[in-house]
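Labels run A, B, C and D following the written order; every chain starts at residue 1.
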Amino acid sequence: MTQEIEIGMGKSGRMCYALDDVAIVPSRRTRDPQDVDTTWQVDAYQFGIPVIGAPMDSSMSPDTVIELGKLGGLGVLDLEGLWTRYEDPTPQLRMIAQARDDEATVLLQKLYAEPIKPELITARIKQIRDAGVTVAGALTPQRTQEFYSTVVDAGVDLFVIRGTAVSAEHISQSHEPLNLKKFIYELDVPVIVGGAGTYRAAMHLMRTGAAGVLVGAGGSAVSSSRTILGMHVPMATAIADIAAARKDYMEESDGRYVPVIVDGGLGTTGNFVKSFAMGADAVMMGSALARAYEAPGQGTHWGREATHKSLPRGRRVSLEQVGTMEQILTGPSTRADGSMNYIGALKRAMASTGYTNLRHFQDCPVIATPYGA
Amino acid sequence: MTQEIEIGMGKSGRMCYALDDVAIVPSRRTRDPQDVDTTWQVDAYQFGIPVIGAPMDSSMSPDTVIELGKLGGLGVLDLEGLWTRYEDPTPQLRMIAQARDDEATVLLQKLYAEPIKPELITARIKQIRDAGVTVAGALTPQRTQEFYSTVVDAGVDLFVIRGTAVSAEHISQSHEPLNLKKFIYELDVPVIVGGAGTYRAAMHLMRTGAAGVLVGAGGSAVSSSRTILGMHVPMATAIADIAAARKDYMEESDGRYVPVIVDGGLGTTGNFVKSFAMGADAVMMGSALARAYEAPGQGTHWGREATHKSLPRGRRVSLEQVGTMEQILTGPSTRADGSMNYIGALKRAMASTGYTNLRHFQDCPVIATPYGA
Amino acid sequence: MTQEIEIGMGKSGRMCYALDDVAIVPSRRTRDPQDVDTTWQVDAYQFGIPVIGAPMDSSMSPDTVIELGKLGGLGVLDLEGLWTRYEDPTPQLRMIAQARDDEATVLLQKLYAEPIKPELITARIKQIRDAGVTVAGALTPQRTQEFYSTVVDAGVDLFVIRGTAVSAEHISQSHEPLNLKKFIYELDVPVIVGGAGTYRAAMHLMRTGAAGVLVGAGGSAVSSSRTILGMHVPMATAIADIAAARKDYMEESDGRYVPVIVDGGLGTTGNFVKSFAMGADAVMMGSALARAYEAPGQGTHWGREATHKSLPRGRRVSLEQVGTMEQILTGPSTRADGSMNYIGALKRAMASTGYTNLRHFQDCPVIATPYGA
Amino acid sequence: MTQEIEIGMGKSGRMCYALDDVAIVPSRRTRDPQDVDTTWQVDAYQFGIPVIGAPMDSSMSPDTVIELGKLGGLGVLDLEGLWTRYEDPTPQLRMIAQARDDEATVLLQKLYAEPIKPELITARIKQIRDAGVTVAGALTPQRTQEFYSTVVDAGVDLFVIRGTAVSAEHISQSHEPLNLKKFIYELDVPVIVGGAGTYRAAMHLMRTGAAGVLVGAGGSAVSSSRTILGMHVPMATAIADIAAARKDYMEESDGRYVPVIVDGGLGTTGNFVKSFAMGADAVMMGSALARAYEAPGQGTHWGREATHKSLPRGRRVSLEQVGTMEQILTGPSTRADGSMNYIGALKRAMASTGYTNLRHFQDCPVIATPYGA
């Protein structure tokens, strides 16, 4: 039963929950963490760990994309980021890492005003492909028509279309918008698309033929999206809703299972765990991976929405670098703050609640508490 | 269904919500921000942006009233403020801006003890009228009878009556109170009046003939009103209730549409956006405009209730000046804290939820979350 | 309808509310603050303002009891405090005011270990009586039998019995407990008694013949009582419940109206206002009056439960001194933090919601908000 | 009635409460604190105070186990802690106490990598037994099979099996897991086992023959367990649920009463009190006893889950040392922060609500408040 509350006369709203509002509770049966399986797949691609590197310049460079692939995950390069705007973005990354807080936004706006070079898209993708890992690149819906053929020609395995709010039905008075259904149908490459925040938005994206759906607001930091646009996709509710869409769509499509991928805003291993218990198949990580020693952000983190020329929606933040990417993903952890050993935490939580694989763990009971922490 | 909760035996209260408690969520359809229309009108006056400058000395001087008008909004001068008490209030504004926190209240009490000069009312209004923008001035209910003819003679287009709690039925044992209905009926100029916090209060104000109704507690800072008087008008609920009154009144009046104007306490572009999704037609802004480089408050902000001689209800606060008034209203923004590009944020939010004009956006679905942030 | 929630299987609890959770909202009618009447009475004694000075050494000395009486309120001296233990407690008060935070509790324990002298009870009461104000003194239930005849012989108008949890039915294996009903019946002086936290506790106290009932936990700071004893009397709920008991008792007693007096924990003028809207007749103030320049605490405040020899339940806290007692009670206020002009705030709130006397204001509608502030 | 809320479509969760969310309220009858009885028993062992020292190296050494026993409680030594890894752990304890915050986790991981020596288990147990107090030692489920015979041979009175999530049905692909039912059945010594978080988990543990059940997540700090594993056992709900299991199991077993022991996360005397009102028989204390002058942690505190080699779930924290263990347990208290005189607070709370023994106090009514504090 949906909880509708009356906000005012004639205006009701559904009560929605964040991952901080829920938790898992162990019950009768327990298992060993080493007996837990964390594999998952999207289209024909299988992965050992349910982690996707978010297409953000602070965490995913060609090198870290390759490293993440070798660790069993999927790295996604932002094809509209610094790596396709600059031949060698090393100086730009250093400038961002060293900027003062109060000058960082303006610096980002300036650096991302540099045009995208198609030949750099080709070169970056080639570098990743040559390393032998699964190749994935991301564009925004706004620029997909402009660059997709370059991307496809360069040879990606998975195509990611990612924006703050991506719908199957975009209407424009000034240009012919991307027809997502036609685009996906004609493309040979499977497409992961989002962010979607509701059952309906996700269901429509699944019907366009999407190979996977991103849950969220395109990686916008939750607080910025709420503070600046008044928009909020509370994650626990959104994941469960979109998992319900996955189930209903599977029925209507005679069996196509479209993975639900949580896009951002998690922060801790605990919320990573809860995502799966709410119904997710994989998680797209931004800040978690930006904490790696080898992350290009060098102790800072930002999303592309923070670079918008007239309405930046996010900040460059400073993060403590806590370990190697491998340690962050699979340990050993040297800290007790939920920033390290994501897979170890997931396995232990699944074991403590008696589950052996991710698909079953989606049914794990959860509780709600009146406050987040 | 109204949510009544039992506070104690025999005492129930309705559960009410602030804008921080709600959010919009994008759903199936999206649009381009440039396809969004933000015009609105009150009586015969049409405006390009739904922004009214609150009659507060920290943000609205004759000069900034004019500037706001030229930017498409409506500036309102406080006709009981420093500009009608002092020939040139520049020294007083500087004193306030430079006062220490612990001496500011007493300074305000002293400076606002200076009598209002009718000839200054006339002069200020003339200056604004000569600039060619829509002219609006504000009085409190207490002093409307004393000064309204001076105001009308000076030539205003819109008359604003604004207090903490303005009712259609004020009762006094010591004087003949303002009969609002008679006053509005006999006045040639349309009157915007408030603050009102409930359906009933707003309905009665509409029935007096008000051209627009202010929602809130007359711009009193929310926290002060609650801390000092125990009074609180949670904005999300109040806007929806008063929007319901607008609809019912439109029916009973055979079609008169009385704009609902949110008066203060918003703080961020996100809450500005949510106001319209809850049912508002326009927003009266105080602190947001006090952040402009050209604001008379010079980095400080206060309301007139902070100047009360025996019960000040608000403080002079310090604000960071973030950009020009134009940048604050229409960008470009150089910050990601919700303090700049109000109209850009509104357009993007409307576009992301698929709406093209403000009247339709009033129907935008909202969600509630268990905590504000 | 009572809101019972299931905490766990077989264990439910009623949802209770603090004053911070509720607020008043102005509606249709408004009045002038000067038309508001704030008188009230207990037994045959009438007072101009509904303020009782809590029997605490930090705020009520013989001098401030007299001052409060002359301002229209009722001061109550703690007859087990420093004034009845020391001939001249000035040095002790100075020591407490000057103690470091980490040594204050032990100092209080030591100073209050000094025995009570009956002759000092007599002398203090005489001093107050000679000043011509209503005379009231407080004892705890534990020591009432020991000292009451001294108190009565000294000539009090009102007798206050005040403890953390006072019941009409105290059971002891080691001594004959105070039989409250018999005690009150035989005493010539009206007795105000509490704290009571529930309808049932208050109803029983009313049936003992109490002239007034204190709501709360005997002035224990809310947080200490909850932190240390796990005990909490959320004030909004408790006031409403006990106001309901007052009504039911009035019916069963054929018309005896027992005033409901809120005992402590309010903090601001806003919560003072809300107390009456929830059903109170008067408020017993501790920290508010300890902020006066002339308060014996000299910028510090503590309750007697903070002096307990083995389980202190409260701390000596530092408070800013904000004005004279007169300013704190009736203004003018020079601050906007809810610490000054209690009566002015009450009158303005009553006027803004259209009420002219306290008994009617008890019916003022309230709202609830999901968070305190 | 269980409160199920819809988190998202197809995913509901029960609303659960922490001890901070509830409180007790005094009602009609009161008693004297000295008339209150706090004895309880597990199996054949009776104790004067319902306090168990948690098997944590920061609070329980052989010496403090003995001291606690002499004070009427039950100390439990961690048989996998420093005292069974090092002949004399004094230098290790000093190193931990002196480590900087950012190096403490790695230090713990290193020190706890030292192997456990069976002969030290024997020696520690002998030392405690020789002192004449009840002897109890704790192992984790993982290592019970390895060490239990050493423990039993050394002569314990009570055996404690304690882990984050202990179930009656552990499944492993790599080894034969501990069959708890068979183990308990064959052992001569009564076994206390946990943590359990639900009715079902506890019921199954009772059916294995457990002499007592620990409620919680094995003493993991609540925040770490939630932050790192996404797992949370809100204590108020868990205690009530498991008390319900105790009642149902007593019926199905024809009268076996299995004490419910709250394991950790309480923090204050107030929450200690509330535990019993929710249904507990005793409380296992960690940080409270680590505040004693004589505690081995010397002003620091950690649990064994903080020493995990790949996924530490807890930190070494600094605590203020507030008094002797005796003062902490039975006063006199010199502070008003809920850190001293646990038994005094319990007795006073029971007296204020009219109860004379712990079993009756389990029925004490509680209230809920919308926020923790």
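Going forward, a residue touches a chain if its C-beta (ideal position, glycine included) is under 8 Å from a C-beta of that chain, and two chains touch if they have at least 3 such contacts.
This structure is a prediction, so every number in the text was calculated from the model and none was measured.
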item	value
Centroid comparison with chain C (C-alpha atoms), farthest chain	A
Turn needed to bring chain B onto chain C - CA fit, degrees, nearest 5	90
Between chain A and chain D, centroid-to-centroid distance (C-alpha), Å	40
Averaged-CA centre spacing for the pair chain C and chain A, given as whole angstrom	56
Two or more partner chains touched - positions in chain D	15, 17, 21, 370-371
Every chain pair in contact, whichever chains are involved	A-B, A-D, B-C, C-D
Parts of chain B lying in touch with chain A, wherever the complex brings them together	1-3, 15, 17, 21-32, 34-35, 199, 236-241, 243-244, 247, 268-274, 277-279, 331-338, 341, 344-345, 348-349, 352-354, 365-371, 373
Footprint of chain B on chain A - complex, ascending	5-11, 13-18, 21, 105-106, 109, 164-174, 197-198, 200-201, 204, 217, 223-224, 226-234, 306, 309-315, 370-372
